[in-house]
Every structure is written in structure tokens, then in C-alpha cells.
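Handing you a structure now.
The letters A, B and C name the chains in turn, as written, and every chain counts its residues from 1.
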Amino acid sequence: MTLLSLNNMKTDIGQYAVLHGVTLDIPEGGVFVLLGRNGAGKTTTLRSIMGLWSPTPGSVTFRGADITGLHTAEIARKGIAYVPENMGIFGSLTVEENLILATEKGRFDQPRLKRIYALFPALEQFWTKQAWSLSGGQKQMLAVARAIIEPRALILIDEPTKGLAPSIVAAMAEAFREISQSATILLVEQNFHFAKSIGRDMAVIDDGLVAHAGTMADFAADTELQERLLSLSA
Amino acid sequence: MENLSQFFGRFGGVYLLPVGLALGAFVLIGAPSSWATLTIAGLSMGMMVFLMASGLSLIFGLMDVLNFGHSAFISFGAFVAATVLSALSGWVGADSVFLNSMALVFALLAAISFGLAAGWFFESVIIRPVYHDHLRQILITMGALIVSEQIILALWGGTPITVLRPHFLEGAIILGNVSVEIYRLFAFGLGLVAFIGLYLVLNRSRIGLLVRAGVENREMVEALGFRIDRLFIGVFMVGSALAAVGGAMWAGYETLITPALGGEMMIVVFIVVIIGGLGSIEGTLLGAIMVGLTANYVGFLAPKLALASNMILMTIILLWRPNGLRPAVK
Amino acid sequence: MSASLSKPSFGDIAVKSTVLLIAALLCFAPFLFQDVRALEVAARICVFIVLVASYDLLIGYTGIVSFAHTMFFGFGAYGAAILLRQMGPGWDAVILGGLAGVLVSLVVATAIGLLSLRVKAIFFAMITLAAASVALVLASQLSHFTGGEDGITYRTPDLFKPAFKLMVDEDGKVLRLFGVKMNGKLAAYYFVFVTCLLLFFVMLRLVGSPLGTVLKAIRENEARAEAIGYRVVAYRTFVFCLSAAIASLAGTVYAVWLKYTGPDTALSFAIMIDILLMVVIGGMGTMWGAVIGAVLMVIAQYYLRDLMGVAAEATAKLPLLPELLNPDRWLFWLGIIFILLVYFFPKGIVGTITQKGARG
């Protein structure tokens, strides 16, 4: 069943056209990976879904309802969470404050909190520390935790493994598998090895368009296609 | 050098600066009683300036909006309060602390209500169309300032107006051989209450949490499902009301006010937020106290330098810390 | 925009021919408008065209707002005024005063630029405002030097004395050409006109040069210009200094014309507001806009106030309105017009006309 569908999404940033008409269906469940070279428009796709850039023309449909042009906050309340590339951590707030801010009612749902502690034990350990003092990996964990503190149907995550140590990347992969049991993850990823290990479906964005979409298994088997769509030389 | 700055940091870092300033002034002034009087005057001026500046700093921090019209709230606060006090002149001069206080409360309430209403108008009518466009924002808020000043001139005329002080705030109390004006103590106390109130709201409440998070990263707060723009109008209104209260208190301090008051204070307010760092009330308080103390000490030690003293202070601090003493984390 | 570059559009032609017409009118002003007030207006227009164009170099071509432009104008005016009074009416005083004004402007502009531009452009607006107000208060406090609130009156070089005879007829009287006396007043006007024309051409040349292209690139996209390798802070500080120096020269010229310099003519914040209005009315980022904005505003200043007086009398019985229509409240209406212009016509007259022409 389709959870999110992008229909001919065109986005301009200032005077530059970045997306030239992205059309894509994201099925419910699992991890959907967006691949592509730098500057191809992956981040812009996520930001356009989130309403941080407005796609004109084009439309975004989420659970059958048109969410194009809604305010970012309303899109979030419809059940989409966003983990930006820079993680968007509030450095002067403590770990606890970062998380409680993300709850809708201002208090924690204890079972969900337990689940987050289980996924990312470091967060419980540094509960009262200001977030700027965390390591890069811990900040990324906090950013992901903040996205799942409320039940969200879709979680947009932008390059979560960038600059992280291999052990943390492995922990992150584990966490994403667990999260994708109950929600859909739309993941932008440069690290193909990581993407291959957790992705079920995938698409390649190239020059503001969807260049290929299919299952990760097929794409991983087709080295020629990978070479054509992802290599830097082309 | 490294050790020195660590040592400095451990004992309060930049918050030590006013203490250092006061100690330095103590050595230069020599006479303890003059020094005490000047210090109290400086602290109370600092607190009034803090009232005027805190809103500007938060408004900028939260929405990246710099309101050049902010001084209009200061002026209007002063004139509205002065008008209410003169209308209630019977109560103001009465030998009853209760009637005095009621007059004062009414005057401050009038200033606050005006600030809230004018803040709402400014934000929703004047500023909202030009979010994210600094150039037009500066021009439009400056235009609004011009119009506001002209309205003050049209309503109250260009001649100075005498401000009545409630009877119980007149005079001074003598502590040892230091005479302390009651009004200054009151202004200091009111500013302190406002600071503590703001501090508690920002650090202990959910709204405050949202404001602090929004100052750091507005987009992310929205992506978490909160409408920053709706929060912002509230912050704008409160900030404007604080400026109006600051103006009202300043009117009582000066006792003679002209429509130029807002413009004069605006320069001081700008220097305070630049020194303190935009976006944090702790920084604004620090900047305000520094400016208040400097103005009073220099005014005593070298009256000719008094005017330039704030500019010099700002230059030194900007050379040392280009973002101000304690800016909000961005 | 590209359309206006490749082939002149209708709007472009309209703007340029208007400017040409204005230049012609100003050039022959003493002959066309033979009364004292009109010549006053023409000279003020010349000076303000330069002042506004130099401000536009800053706001229109680099996108940063300064509130200290009058301060630099004042440096030039007071430089000439003080030296003309101290040294007597000679060209040496004018030239030295002009140079001193430029020098002080350059030093102050460099200091402000380096202090604020490297951090945030928004600090710049605040710091220039603070600096300008300090300069204003200093001018009124250092009264033995600046004449305080009263300002300074002085004599200018003999060539500009109304009694000076440029040409004489057979009887030794001042020659009249087309009814205009060939006297020192005429010489003074042409001194103003020619200097301003030269300064304007310098600026026009500058914005057409590679420097102008760089400035536009910075204005359009600061981050990208920085990424390409332009040192944005250095460029902005340079332009700030340049516009300060030109404003200072304009101040010197105006001081020589007026034979009086005081806070109201050279330093007050009201002049800053005039400059802002002229830039916005004319259109930011175009030298032609400065010309049209300055002409419209100066004429309005001289003649619209009379109209307001009439309107105030006509509405005398209504509440508040006559207060607001009082000629002293004329800034009220300017402020409102200013706000509306920034909302609805941020490109000003020239920008709007050029755009319309390019589309049609």
C-alpha cells in the first residue's frame, strides 16, 4: 500500500530549479532509500515533502490526503518526522529537554521512552547533559530518538551515517531495522554499503528527476546500473 | 594565558566583567560613598535599559527580525504612563501609599496594555509581510518609527512634559553616609523581577523551551510540529510591553520627557544588545548592567567622555568578542 | 533583466530620456527658472543626486543598510565650513576642508566596516545608527569648533560672491545674458553643477566596471560569491569607504553653496530619512533611480509643504487631522508613503518602469 506519493514535484530554490518533476511512490513499511550524487536533489526532496521548500507545481499525497502547501508544523502533526542532515539538535537544551520538546503534550509516554533507552542507551546516560556536549554519534541518536518519541508513520532521515564511526553506523543500522518494524523510513544515503544493508526499496535521484526506482535487491545485483547512476565520473 | 582564561571561566567568565568594572571604578573614584551612589545609579539604569532591550534581543533571536521601530514602544510607554500619572495627579501626590501605588499600577498597566496592543499591530501588520528580508525589514521598521514619532509629536506636542512621581517613591534613604534614591531602588527591583520572571519562563516552562529551541533552530521546531510564527507574535507582544514598561520607568527617572526619548534610548539599547549578544536575556542583562555602570562612572570621572563611553565600550567588546559577550547558541 | 541588457526596452528608454531631460534642465536652470528659490532647489537637487547615488552604491549594490550617510556628508560640510572660517574665504580652505572631510570619513568608515561587517550585516545598521547619533551630539557639544546648534556662517571664495562680476558690459556693469546676471551666484551654481556631474559620472563609470559586476554578484548571493572566492567583507568595506568619501565631497560642495553649515543642513537625522526616501522612491540598485528620487523629493519638500498648510487650514475643525496635516508633520506622511513603497514597489519608480517595459 502506498504511504506517500510525490507527483511531478518541481522545486525552485531562489532562482535555481532544483527538482524538475519528481514522481515517486513510497510503500508502507520498511526502509526506502534515496540514492544519488551530491547535488542531485535528495535533500531538496525531503525538504519539499516536509514543506520547508514549497514545490510548485506538483503535489504530495500522504495516506491518501493532499498535504501540498501545508505548513511544516501541520505536516509534522499528520505523522511525518524529519531528521535533517545537520541533525537539528538544540545544543543549549539538555537531552531530556530535546526529547520532551518533541512530545505533543509535553510529557513522556513511558513505554516509548523505555524503547528509546533500549535503542540508544547513551541517551539515558547523558540525560541531563546539554546536547552540544554530546559526540557526533550521540547527537545523531538524539536526533533519531526525537523523531520517534511520538508515533510517526513516516520518518525522513537525511544522511545519518555521515562522519560516524563504523561501530556507531552498525548500531544505527540496527536501530533503523527496529524502527522500520512500526514505521516507514525514507532515508537519504550516500553510503551505499549501509543503504544496501537496510534498504528494501530504493530510488535514484539524478539531476532533479527520478532516474531509477525498484527494489534494493535488484539494484544491488546490477553493478552496471550502479556504475551508471552513482559513479562520480558520469 | 590559557590558565588565566580557565581561571576566569571558573569564576563566572564574562559575568565577572561588571564586578571588575565596579572594582576598577572604586580605585579610580576613591571616595566610597560617591562610588556607592554611582554604582546604585548604574545598576538601576542598567535594569531599566534591560527592560527596554530584552524584547528586542529575543525577537531577533527567535525570528531573525530586527525591529528598528522598537524605540517607539519605549517612547509611547513613557508618554502613556506620564499621561495616566498626570490624570491621577490627586492619587500620585496623596499622602497614602495605597493611592500612590494604585496610580503607579494604573500607569504601568496602561503602558503594558499599550505595548501589547502596539506589539500585536506591529508584528501582524508591519513586519509579517517582510520576514526573511532584512533589507526591507530595516527600511519598513524605520519607516514605522518615523510615523510613530510623528504621532507622538501630534498627540503630545514637541515641548517637554513633566512626569509626576508617586509620592512614596520620592526622596532618598540614607545608608551609612550613602544616600540612595528610592526611585532607583524601585527601578532596580522592578527590572530584577522582570529578569527573574523571564528567566523562569524561558527555563522552566514549555513555552520557554519552545522559545529557546526556536532561537537556535526555528525550522527544526516547526518540523517537530509547532507553529513558531504563532509563538513569535506572543514573544513580540511581551517584548514590546517590556519596552513600554522600561520607557515608563525611564520617564519617572528623568521626570522631564520629550519625544526624542525613544530615539536616544534606542542607541543605548542597540549598544546593549550588541555587547550582550543577540538572542539571550542573560547576555542582554549583562550588556545593560555594563552600559549602566560605564555611563555613570565615566559621567563622574570624565564627563566629556560620557557620550562616547558607550561607543568605546562597544568597540572594545566587539574587538574581543565579535558576537557579543554571551550570544544565544546558533 | 537580461532583456534590458541586450536591447534597450521601452521602459529603459523612458528612464534614460527622463534623466537626460533632468540633466538639461539642471544645466540651464539659472536661465530657465529665474528666481532665487528655484536656483536653491536646483542646487539642492544636484547635491542630493550625488548624495543619494553614493548611498545607492551601498544599499543598492551591496544590500547593506547604513544610517551614517549624513554623518559623512556632515564631515565634508563641516570640514569646509570650519576651515573657511578659520583660514578665510579662499580656495585653499575649500580644498583642504574637502580633503580633511574625506580623510575623516575614510578613517571612520574603515573602522565601522571592519568592526561590524565581518560579523553580521545586521550589526552594521545598528552601529552606523549609533555612530551617526554620536556625531550629531558631538557637533552640538563641541560648539567652539562647530558652532553648536547655531552652526557656522562664513564667506566663500570671491568668485562666488553675488557682487562678483563674471562679465561686464561697456558701462562696467554686470552683463546680462538672456536676462540673467553674469555674477558670482551663477558661478557658484555652475561650481555645484559641474562638481556634482563629475562625481556622478565617476559613480556611473564605477558600477559599469568589473567592480560593479562583483558587487551585484555579492548582492544576489552572498554565500555563493564567498564560495567563488570574493572577499565579501573587503569589498563591502571598500564600497562603504567609497560611498562615504563621495558623500563627504557632496557635503563640501553644499557647504560652499549655502555659506552656512549647521546640524540641520548637514548632520540631522532628517537628512538621512530624506536620502532613504529618495533611494526607495527612485529605485535601489540603479544610478538613474537616484536622479529621479532626488528630483521628486526635493521638489516635494519645497512645494508640497505649502500644500499641507492649506490642507491643515481647510480641515481645521476636524479632530487630530489638522495636527497631522500641519506642515511640521510632513514626515508623518513621508513615513507612510515610505512604508507603502517598500511594501508594494520595492524596486522604486525606475525598477518598476524598466521591468514593465521589458515585459511589454
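By definition in this document, contacts are C-beta pairs under 8 Å (C-beta built on N, C-alpha and C of every residue); 3 or more make two chains touch, one makes a residue touch a chain.
All figures in this text were calculated on a predicted structure; none of them were measured in a lab.
Select the category (line, ring, star, complete, other) that matches the graph of chains linked by touching.
The chain contacts form an open line.
Most C-beta contact pairs, which chains?
Contact tally peaks for the chain pair B-C.
Measuring from the mean C-alpha position of subunit A to the mean C-alpha position of subunit B, what distance in angstrom results?
Centre-to-centre distance between subunit A and subunit B: 43 Å.
How many Å are there between the centre of subunit B and the centre of subunit C, using C-alpha atoms for each centre?
35
With chain centres defined as C-alpha means, what is the inter-centre distance between subunit A and subunit C in Å?
Computed from C-alpha means, the inter-chain centre distance equals 54 Å.
Going by the contact rule at the top, pick out the subunit B residues touching subunit A in the complex.
Residues 206, 209-210, 212-213, 216-217, 219-228, 328-329.
Which residues of subunit C touch subunit B in their complex?
59, 63, 65, 67, 111, 115-116, 118-119, 121-123, 125-127, 129-131, 133-134, 137-138, 141, 269, 273, 276, 280, 320, 323-324, 326, 328-329, 331-332, 334-336, 338-339, 342-343, 346
Could you list, by residue number, the parts of subunit B that touch subunit C in their complex?
60, 66, 68, 126, 129-130, 134-136, 138-140, 142-144, 146-147, 149-151, 153-155, 263-264, 266-267, 270-271, 273-274, 307-308, 310-311, 314-315, 318-319, 322-323
Within their complex, state which residues of subunit A touch subunit B.
Checking each residue of subunit A against subunit B gives 50, 52, 71-73, 76-77, 81-82, 84, 88, 90-93, 97-98, 100-102, 104, 106, 132, 146, 150.
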